[in-house]
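Two complexes follow with subunit A in common, the first pairing it with subunit B and the second with subunit C.
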Partner chain A sequence: MMAGKEDRKRDRDALMSRIVQAGFLAGLILIWYLASTRWGVNRLLLPDPVAVYDNLIDILRSGEFIDDLEITLGELAAAFAISVTSGVTLGYLISRSPYAIEVFEPLFAAIYAIPIILFLPLFVLFFGLGPASKIALGASISFFPVVINTIAGFGHVDRLFVTAARSMGASDYHLFRHVLLPAALPVILTGLRMGFTTALLSIIGSETLASLAGLGHRIVHLAEAMDMARMFAYIVFVIAIAVILNTIVSTLEARGKRN
Partner chain B sequence: MATAEAAIKVCGVSHQFGDEGEQRFVRALADTSLDIARGELLCLIGPSGCGKSTLLNVIGGLMTPSSGGVDVLGKPVRGPLPRDIAFVFQESALFPWNTIIENIGLGMTFQGVAKPGRAARAASALEAVGLKDFAQHYPAQLSGGMRQRAALARALSLETPILLMDEPFGALDEQTRMILGEDLSVLLARSHKTIVFVTHSLGEAVFLADRVAVFSARPGTIKQVIAVDEPHPRKPEFVTSAKFTTLRNQLYGLLHDEIRKAVQQTGLADATVQTGPT
Partner chain C sequence: MARAVPFRHFLARRAWLARLIVIAALFALWEVAARWFVDPLFLSPPSRVIAALDTVFSTRGVPAALQLTLFELTVAFVLAVAIGLMLGLAVGLQPFVRRSFFPIVLLLYGMPQVTILPLFILFFGIGAASKIAFGVTHGVFPIVVTVVAGVQNLKPILLVSARSMGASRWQIFRHVIFPHMVPSFFAGMRLGMSGVLLGVLLAELYVSIAGIGYFTTLFTQNFDPTKLLGLVGVLAAMAIVLNAVVRRAETHFARWRTG
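Let's look at the complex of A and B:
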């Protein structure tokens, strides 16, 4: 009975915070609207939200976003595939040796703290202005959370579980499939989600700096053409895409951890 | 007791961790020999760090001793013997990502039991420890005592002739421990298994064991073996009998000096033995 009461209280608290969050966003949009229509902020700096909304509808209706979206998502998929394959494989191999863990774990953690975006000009020199340089950047940045969490996941499995499994005759395959993998999976999944988010951020970011196509490129292009309402509409579009992708990834993570 | 029918023969086992001169060097076991008869329940008792658990791991093939050797059922031990020996550890070594019934099934998978027989064996093992209504629970949803029952069920389902138990009730409160001890005595009286049971508790040792081997302080070796001549399953009244008290006091006398020595060795007062009933 007590538990039910507490659950309901928690649900109510959660609903309240959702309402406050929505109210906060609505307030921001209202201030934006007033600033651009009543308070005389230059339309070139801050377009009217109604114009932004009209542009967003036009973008969605005409489907002109499809080419840029395809390029950005393609870059993201390629970068994430590379970082997951290399990060999980390398992380597992490193985790098999305590010596390798001691060497590589702090090394990767230190490199992870470096802003790798600094290497973007180098990647552009190597791979050109096309998708390849974005893929290289996204993969190098997202590799680190993946590999660090894979090492942490596989490397710190409770010895008691391994001993118990061995005492019951577990083979190497049994040990991996039924002990190491389930023990490590929650930590690895967190690493994958973090890797995915950083890949998305760095790819869109690098498109705004040096690129020929993609959503980030489109936004900069519109800014340079002074088409502010449409630029804002694209920003809203990108935010929506990012929110959808992050929700999907977080849901997958939660589901993977439950099983 | 220790006749030709020995299930486990420990011959001159010594074990040390690290090398001489190293800081982590510890001489855990010194020249220990012991015969354990088939169907016997032997308790190992002694001060903390005296090598009781080390001896158990050596018997179970989880550790290779620095010198000496162990024969189990007439064969020298060179590694884990999943068909002959099952373990119950101090903390529940149940896998938290599997339900209780999955945990038990997994033990049999590891051991190599063919799939058709597993479900029935798992169910009867759970029933034996009184947990048949908790098959679909995860370990985290059970109390400490229930987790240890489940760990015992997993060990029983492996149907090994030998059971090694490393302070299986060590992390439990006194009352849970007493009940588990009584149930274990009933359960094991039927099973005719050979059991080695490591404990800190004098009462638990007297209540469960056919013989109690008392360890000296580090480097551990067996100081004396005391027989408890009382049929299984032991009745709760046994705890309040004069015989029980005499045996427990005798054990206390043997252990007391060793515990003092152990405390001096470590410089800490954590090498205590529980001296309360059971």
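Let's look at the complex of A and C:
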């Protein structure tokens, strides 16, 4: 009886939270609408949401985003592939020896503290304004969370499991496949997710700072042309893409952890 | 056996020495590559970079630019901590408010903020204000999230008992909530610091008239990798030191939990 009452109270609380959230977001959009149409905020600073919506529909319908999206996603895929293969391989090799972990882990952690975006001018100098510099930057930024988590994952497997498996005659392959990998996978997956998010951020960021094409470049281009409504529409579009990608990756991470 | 490998034994107990050797080897590699294999227009050897450090700092405007960037970082960090703490407490202390607004905070935290960088320039101009604002929005979310997480694992019984013993709101905050929050708060400060660093540097690199972003652009366009590497290297070293300091503080203030 009591439990039923508690449940109902919790359900009602959850519903209330949803209502508050929806109300908050609706309020924001309402304020945005009023500010741009009624309160005389300059259109060059804040376009009205209806115009942004129209532009967004136009962008989606005309398909003009496809070229930029392809470039950005291509850069992302290349950068993430590079950082995953190098990060996981190097991390695994280092994790094989406690001594190597002690030597290398603080090094990686220290470099991880540097905002590598600082080196963007160097990357542009080396690789030019095209996709190559974005791939290189994205790969080097996302390399660190991947390698650090791989070391943490493989390096902190309980020695007892390893000894037990060995004494029962497990081969190197069996040890890796059935002991090390399952134990390390959750931590590594977290690293991969972090690497993916940072790669996405740094690629859009470097496109914004210095590039010839891509979604980040498109936004800057529209900003410089003062085409605010369309620029806002592209911002919404890019944020939506990022949210979708991050959701997919988080779902994959959660699923990988369950197995 | 032991006598055959005395140096390895010597190293085995001194991981920091091996770490230094790894760093030295990397620098040697860079030196060799830059001296003999790479076009000097794009990369210069570390010996030359270090020798040229004083010319970087005697370049007219560089000290002022460093000062300005440090000023932007400090203001942005202080604001991010203050706002993050207030928002975090406002959202975290009431369970209902937390359930309603924490998802919104997480949603905002997950957005690629660099897409709205051009907006910050439009709103706040190309001076220091836009860098500070962009740094604040990058730094505030990790702080809010960790503050919320910190007050969340506060046992309700502590609050109830403090209140029933007649503690005032301020006393509860000072003696119950605050000490509980401290460890996660410092973790948040560290994350917030790297967020602020990222935000300010992104804005600096995007457009700058007097900060370090101006000089990285200048050195890049002049194909002067010696000065560019010097400037960027100094900033990277500063980031490492800052991170180490905050990490120290973090362990220092988390002592009471274990000890």
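In the analysis below, the second predicted complex is superposed on the first by the 237 of 259 C-alpha atoms of A that agree within 3 Å, B and C clash if a C-alpha of one lies under 4 Å from a C-alpha of the other, contacts with A are read in each partner's own complex, and residues count from 1 in each chain.
Operating definition for what follows: a contact is a pair of C-beta atoms (placed from the backbone, for glycine too) under 8 Å apart; a residue touches a chain by one contact, two chains touch by 3 or more.
Quick caveat: nothing in here was measured; it's all calculated off a predicted structure.
Look at A:Phe144: by the touch rule set out above, it reaches neither subunit B nor subunit C. Once the two complexes are laid over each other on the shared chain, residue contacts for A:Val220 go to subunit C alone; subunit B is not touched. Of the two partner chains placed by the overlay, only subunit B lies in contact with A:His178; subunit C stays clear of it.
The partner of subunit A that touches more of its residues, comparing subunit B with subunit C, is C.
Looking at subunit A, you'll find no residue that touches subunit B in one structure and subunit C in the other. On the side of subunit B, the complex with subunit A involves touching residues 60, 62, 80, 82-83, 85-87, 89, 91, 93, 95, 97-98, 106-107, 109-112, 158. By the touch criterion stated above, subunit A contacts subunit B in their complex at residues 160-161, 163-171, 174, 178-179, 182-183. Residues of subunit A touching subunit C in their complex: 13-14, 16-17, 20-21, 24-25, 44-45, 99, 102-104, 106-107, 110-111, 113-115, 117-122, 124-126, 200-201, 204-205, 208-209, 215-216, 219-220, 223-224, 231, 234-235, 238-239, 242-243, 246.
Chain contact summary for the complex, subunit C toward subunit A: residues 12, 15, 18-19, 22-23, 42-43, 96, 99-101, 103-104, 107, 110-112, 114-119, 121-123, 194, 197-198, 201-202, 205-206, 216-217, 219-220, 223, 225, 228-229, 232, 235-236, 239-240, 242-244.
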